[in-house]
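Below is a structure I'd like to ask you about.
Chain nomenclature is as follows: A, B, C, D, E, F, G and H, assigned in order of appearance, with residue numbering initiated at 1 for each chain independently.
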Amino acid sequence: MAETQKKAEEKPKEKHTIKIIEDRCKGCEICVVYCPEDVLAMKDTIVSVVNLDKCTACMRCELFCPDFAIYVDLPEKH
Amino acid sequence: MEKNIEIRLSGEGGQGLILAGVILASAALIDGKNAAQSQYYGPESRGGISKSEVVISTGDIIYPEVADPDLVLVLSQVACGPYTKDIRRDDAYVIFDANTVKEFPKLEHGRIYKLPFTMTAHDKLGKPFIANIIALGTIVGLTNVVSREAIEQAVLARVPKGTEELNKTALSEGFELAKTIK
Amino acid sequence: MGKKALLLSGNESCVEGALYAGLQFYAGYPITPSSEIAEGLSRKLPKYGGVMIQMEDEIASMGAIIGASLAGKKSMTATSGPGFSLKQENFGFACFNEVPCVLVNVMRGGPSTGAPTGPSQGDVMQARWGTHGDHPVVAIAPNSVPEILTETVRSFNISEKYRVPVILLLDEIIAHMRERVILPEKGELEVIDRLKPTVPPDQYKPFDISNTPMPLVPPMAAYGTGYRFHVTGLNHRTDGFPTNNGELIEKELLRIMQKMAMYKKNMLKHEEYMLDDAEIGIVAYGSTSRAAKYAVNVLRSEGIKAGMLRYITIWPFEEEAVEKLAEKVKFIVVPELNLGQLILEVERCARGKASVYGVNRVNIEIIHPHEIIEKVKELLHGIRV
Amino acid sequence: MAFEYEKYIRKGTLPHIWCPGCGHGIVMKSLLRAIEGLKLDKNDIAVISGIGCASRLPGYLDMNTLHTTHGRALAFATGIKLANPKLKVIVVSGDGDASAIGGNHLIHAARRNIDITLLIFNNSIYGMTGGQVAPTTPIGAYASTMTYGNIDPPFDIVRLVEGAGATFVARTTSYHTAQTEQLIKQAMTHKGFAVVDIIDACPTYFGRKNAPKEAYDMMQVQKDNSIPLQIAQKKKPEELQGKIITGIFVKKEMPEYTDTYYNTIIPKAMGSK
Amino acid sequence: MGKKALLLSGNESCVEGALYAGLQFYAGYPITPSSEIAEGLSRKLPKYGGVMIQMEDEIASMGAIIGASLAGKKSMTATSGPGFSLKQENFGFACFNEVPCVLVNVMRGGPSTGAPTGPSQGDVMQARWGTHGDHPVVAIAPNSVPEILTETVRSFNISEKYRVPVILLLDEIIAHMRERVILPEKGELEVIDRLKPTVPPDQYKPFDISNTPMPLVPPMAAYGTGYRFHVTGLNHRTDGFPTNNGELIEKELLRIMQKMAMYKKNMLKHEEYMLDDAEIGIVAYGSTSRAAKYAVNVLRSEGIKAGMLRYITIWPFEEEAVEKLAEKVKFIVVPELNLGQLILEVERCARGKASVYGVNRVNIEIIHPHEIIEKVKELLHGIRV
Amino acid sequence: MAFEYEKYIRKGTLPHIWCPGCGHGIVMKSLLRAIEGLKLDKNDIAVISGIGCASRLPGYLDMNTLHTTHGRALAFATGIKLANPKLKVIVVSGDGDASAIGGNHLIHAARRNIDITLLIFNNSIYGMTGGQVAPTTPIGAYASTMTYGNIDPPFDIVRLVEGAGATFVARTTSYHTAQTEQLIKQAMTHKGFAVVDIIDACPTYFGRKNAPKEAYDMMQVQKDNSIPLQIAQKKKPEELQGKIITGIFVKKEMPEYTDTYYNTIIPKAMGSK
Amino acid sequence: MAETQKKAEEKPKEKHTIKIIEDRCKGCEICVVYCPEDVLAMKDTIVSVVNLDKCTACMRCELFCPDFAIYVDLPEKH
Amino acid sequence: MEKNIEIRLSGEGGQGLILAGVILASAALIDGKNAAQSQYYGPESRGGISKSEVVISTGDIIYPEVADPDLVLVLSQVACGPYTKDIRRDDAYVIFDANTVKEFPKLEHGRIYKLPFTMTAHDKLGKPFIANIIALGTIVGLTNVVSREAIEQAVLARVPKGTEELNKTALSEGFELAKTIK
């Protein structure tokens, strides 16, 4: 498993948010399907965060989104 | 109707405008008329500006694109500017989607209507992508450019198996919308 | 209108025409806006027992159809600008060796990758001069979906009858446009096959014209039929073998060009619209000619005596048609979806007898009738732009 | 933001033109992370492509970028690399671009061992032109020019470039984002011609005529079908049918072309009268 | 004659010219009769620190020189007919993106493989129209070995100065012929380098002309110099990015063509020989012009007032030169080693004011002065053949 | 006469244009013996070539012959084979023709496994154009476009076409006349794409700048340097440096393209509406 | 070793001749060098038979001649 | 010598005609004259017809090939026909190799000589391929188109190392042959 991913998983669950750039989201649902915690859901043709609390900042949504439309906003600078 | 009827369906990629144009042209053929259908789309697979034009005539069609529009349908904001500027006739129909178009161009000619195609598709039929068929119904209802039977037959011949009922309903919704402004 | 009217795109119509003409081999490489021809043939050609193959590139496609044609099959390929450029070397081989085949070029916005979905008539001169060296060329440019069907059949017929590759020059507009087409019945249109040799195999020479029923056109044997002949891209003798003898080289080259000259009239085709009393001539071809015709109608309705000369066969260029036109009109307008190509030929053939003006566009939109109308009016009122 | 992709992206160019769910965007992100990992200056990177959906990538990158003709990116890139050896040269290709029309430049770049990293966005189809068969389309799959199912045996890109002499060859999938990042990094660090064959998904056109259709399902297939090379080596050929073998297949040291030219030919020439 | 006279072939002279002009990158693929250029550069270019690479084919060679030019190096390739056809697609990319580079085409007998060692001028029209779509082109055709050197330098200068690819059209005769050449000293001939941008990198747009000292010619940054720009073969905006906006597309295409129109006079070059009082005009170029000059001398010695207009720059075509000529001569003779190519332009520009006749040969021999002389006499005595 | 070559040769075409000692003529004889051995009708054989000295061969054969453009013979041959599947199709290529400009058609013919026999007359140089470097020229050898010694690593043709998917691949030399005859026979009997890489000698141009110079000495080198595959397999890589490994490298059964087309696609298409 | 060659070598030494087509011989000397019995020699730029008696009809000259210029003429029909 | 001197060396591939032409042209340059040398050869590497032409002048050379031959050398049978037919001057030299040419063309103009170049090369020098240099000596000896010093210098500059003496002897033999007919 590669650095970026590992780093993210080891990280203690601090406060973070999921940032969605709606103009870019094309509604492919990849992030929704691959989010292990069901944090995301489709709303119309665009994704939205429905359960931020469950988010583990695992980074999968960010890594997989083909459209640079979803980011995990970590509190500390990386 | 001696003159050609020149119809432009505009919007963006993914809205099914080309299919709608093809259906309209097929319907004309079913009615025993002549038709020419053409289109423009860019390389973007989504969101790029797009149009489909249909010229219908009982005689020969000389110029196959819209030279002097009788009807322009606009289903998205990006299409507003470029595709409405050549409207020269006061009796030309200009039909905007009231949901997707937010800023309307200032037009000197034409009879302007704003109809909720997308909302109807979404709310009544639960399928946003069916707005094109609803709009077709409205266009035919408004102009009688083809017969209702022909457009129904043409729609059924071209839509995917299993969606026939949905499309029929969409057409009817379009005809209903036409009544609201006729 | 007994038969069923179909709504076909231009590319689909080309497929129908090719099948009607007896196409048996298609090789191509996908490129917008021509790909529907390959796609249609992928579905339909094997139904006719023919072969459709997608090759690794355009060069290979052109090579493959020449090979198949030499093996006796009616062959075709289709492409657009970038692919047309790539096919030029092998296309020249076909021209030189008089290999019947049809090369469809659906023109799109250029140069280079340009605007793949934008219409254009930018390859008109390339169709004539794209490959190196002097060579015969036929190029045909229909202007409607139904005409694509009949002109595709005519392209095959010319190609087979006179042993000359034919370029079918479509533009993106008519290739992608849909119009009403009524498929011809079998026998309704003429379908011509190439001349077969009548001499026995040991007397056969692939470029020999001493035993042909059609002067200057050598009969054509197929590989695998007992006629063992040689074909080369080098300058060759009538028996197909290479030579360095300048006299023989020139003789063979001139024979091919003379063949073209001799049968030129049978290859030419143009439409005259309201030319009889015309004072203003519009010379057009392809989709642009439909705007021109529309413009003529509008101008006539306003009392301006305009007329249109439409080239259906572009190459060889029918010089006489322009010469005649130039004699009688005040000026000639040539609308083209390029920066001025066929206008050069019009200018040349007008020999100064009428001034020639272009209406040109490269903004990936079709030329609008009003642009032509305005140009004519402007010129009439003596305003030069 | 966990990773600042925008640092490498030209302002105002997003959203990109790719379809919803297209794997090209996912791979692009892996590429950017790899570049970040190598701490390269954007001024020293040249990214060249041919024509195709994948080939639109360079336009989004804030680097020295060139979008050439279909299949010819490696030829242009060879000129760039030889003209300015200090540039890190990356070529981005679709599978059609690289292995159909571009096949000759592919094998010759491999033969020369010129220091170019080639990323093949291998979605088994011609995306840009609407779903025609590619030299990578599996037997039996449907394509717009293979109405009755594909009969053209596909290339194994890895074996092809290996046979041509490539000195670094690896395979991964768009699903394996971390592996992609790592392999691109290693490819870029390798001195010589390096190829990464990235199995990718075109939901629009490959999906149109084949199953599965949805992007996320196609990614699942990538995941489920992948076997790392070390494991694959222990299996029988039958067991590997239809599998995607991932990892580094070739990695060897050989003289690099640009280097040899500048350090052998030029000195020799200057030395001789 | 202080400096040493060398006996060089035309191809060797081209090598010297390219090195003088500052060539730094050559990519090619061998083909008769151009190969000596690559061979000479294989030996000499690395002495100058430049790179000479033999690519896998002509397509790759053309691509490589464009890449190298974008990376800031003066670049060249050389080929003959078949390779010239193959290079067309990428050549169009260079034309469209205004990439300076020199493409040498040593013409040989065509079409197709033709006569590899036979002379020809068969690619003159292809040089203008070989690639798809409208595009600017410069083509230069020297007629002697020493002139090849100076015209090679001029080709690079035009290419660099105006950002336009230049085709150097040699024919087999002058490429393989040996003549006396005196190498120019450094500084003796002008050597021009492309405009560099003056704006900082973040303001740079590769096709922007708002900040250029030379109207219509955008300054050109090189990859790897801190200017991170984008280049594409798609229709693009001034910032190099693709666009579907028809207006922008047209604007950019027209700008390139306007640039050509604006600087055309600086690119043109012709020689007038005994034209002042000429009653008979001979229009010629390349090796054929030497037969023409000889013919003029013989005709003059017999009291016939012939004169020659020799095109050195063929494309863009200097229309005015023919127009002027046509005004004053009885008729024009155009000898060409092809079946009549540039004659079409001559005819066009003569506008019917003088009749135009060809003297043509495709028998892989050079045109002999006597053929021209005889043609002139024949025409003078009113005998048409 | 022990073997009646003239039976297959077009009257009046000898002497051929090849130089004194050129290996092409020796290989041509091996080819004719192979054809005789297969008892094929001349009417059923098509021989296609590109451009180069080797490519002049078809002109001498009293068969269906075609001399195409440089590098493109396989493309033309593909059209011929598909148009008339009953023809036995042989392609004769120089090493430059086949692997430089023609490289793409080479790998794609291999991929398709179309029933064509490709004979590569591999003399490590461009003969016809005067001794320029080829993609088969050994490192360090001199060529007219490699003044300071070749720096381009050569292809191993066998590995290249194997990597591309060829189903029959063999190598021999022009010296090994009997082996050449046998391998050509096997290649022609093989159903699918078959390549025979025949190491050959160009005394005129390869000899001009390299040693040895004489045709007979070059043949001696072929003899002395050749190692049959079975023996080579037992040796260490170091021991095989500069050796010519001969024999059959690949021979496997795979569906043949023409066959698949006619027996799968056409029936399917005719069956569907 | 392939059939043709083997056959030739096993053949009893019957009466046979070496036929040289002079118009074709380009004097490459291959046959001279590879004749194991020194039957052949160069005469000017063309080969000639100097010692037919020693010829074993081994076929090498015929097999190797690139120019179809030398044949071993065996008495019996093959 | 005001007029150009136009010399054609003809024969077949492999006879070294191009080299001979180049040497002659270089000699002219050494003498401070102008020269143009051109050639034709076919694709055959041996036996194909071939020629090399040299035009020498004190002024400009307009037409670079032989338009009106002053001297034609014919070293092989194949070259006889094509390369002697444009001889128009009675004082033109036409020199055949007496050994390789068996059938001589009927010529209306020119001073015709048949000299044993090949035999001299073979018998006296033991190197048949040196006939070209012998012929050069003869040509210069006969016409003085270049100086003897210049031709010697030019020969030495262009022949392979180690063959200098042989070539010098060959030149002298040529000059001797010239004397036999002068």
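Methods note: contacts are C-beta pairs under 8 Å (C-beta built on N, C-alpha and C of every residue); 3 or more make two chains touch, one makes a residue touch a chain.
Since we're looking at a predicted model, the values are computed, not measured.
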Task: Required steps from subunit D to subunit H (each step between touching chains, minimum) - done: 2
Open item on the list: Using only Cα atoms to place each chain's centre, name the chain farthest from subunit A.
Closed with: H
TODO: May I ask which two chains are joined by the most contacting C-beta pairs?
DONE: C-E
Task: Inter-centroid spacing, subunit D versus subunit C (mean Cα positions, whole Å) - done: 39
Task: subunit E and subunit G: spacing of chain centres that average the CA atoms, whole Å - done: 56
TODO: Could you put a whole-Å number on the gap between the CA centroids of subunit B and subunit F?
DONE: 61
Open item on the list: Where in subunit H do residues touch two or more of the other chains?
Closed with: 42-43, 46, 48
TODO: Name the residues of subunit D that each touch 2 or more other chains.
DONE: 15, 18-20, 51, 69, 100-101, 103-104, 108, 128, 135, 147-148, 152, 261, 265, 268-269, 272
TODO: Note the residues in subunit G that touch 2 or more other chains, in rising order.
DONE: 26
Open item on the list: With touch defined as at the start, can you tell me which subunit D residues reach subunit F in the complex?
Closed with: 100-101, 103-104, 107-108, 111-113, 135, 147-149, 151-156, 159-165, 254-255, 257, 260-261, 264-265, 268-269, 272
Task: subunit C-facing residues of subunit F, complex - done: 10, 13, 42-44, 46, 48, 51, 58-59, 62-69, 72, 74-84, 86-87, 104-105, 108, 261, 265-266, 268-270, 272
Open item on the list: Under the definition above, what is the set of subunit C residues touching subunit F in their complex?
Closed with: 24-25, 27, 43-47, 49, 51, 53, 55-57, 59-73, 75, 89-90, 93, 222-226, 228-234, 241-242
Open item on the list: Please output the residues of subunit H touching subunit E within their complex, sorted ascending.
Closed with: 22, 25-26, 29, 32, 34-43, 61-65, 67
Task: Residues of subunit H that touch subunit C when the two form their complex - done: 42-43, 48-49
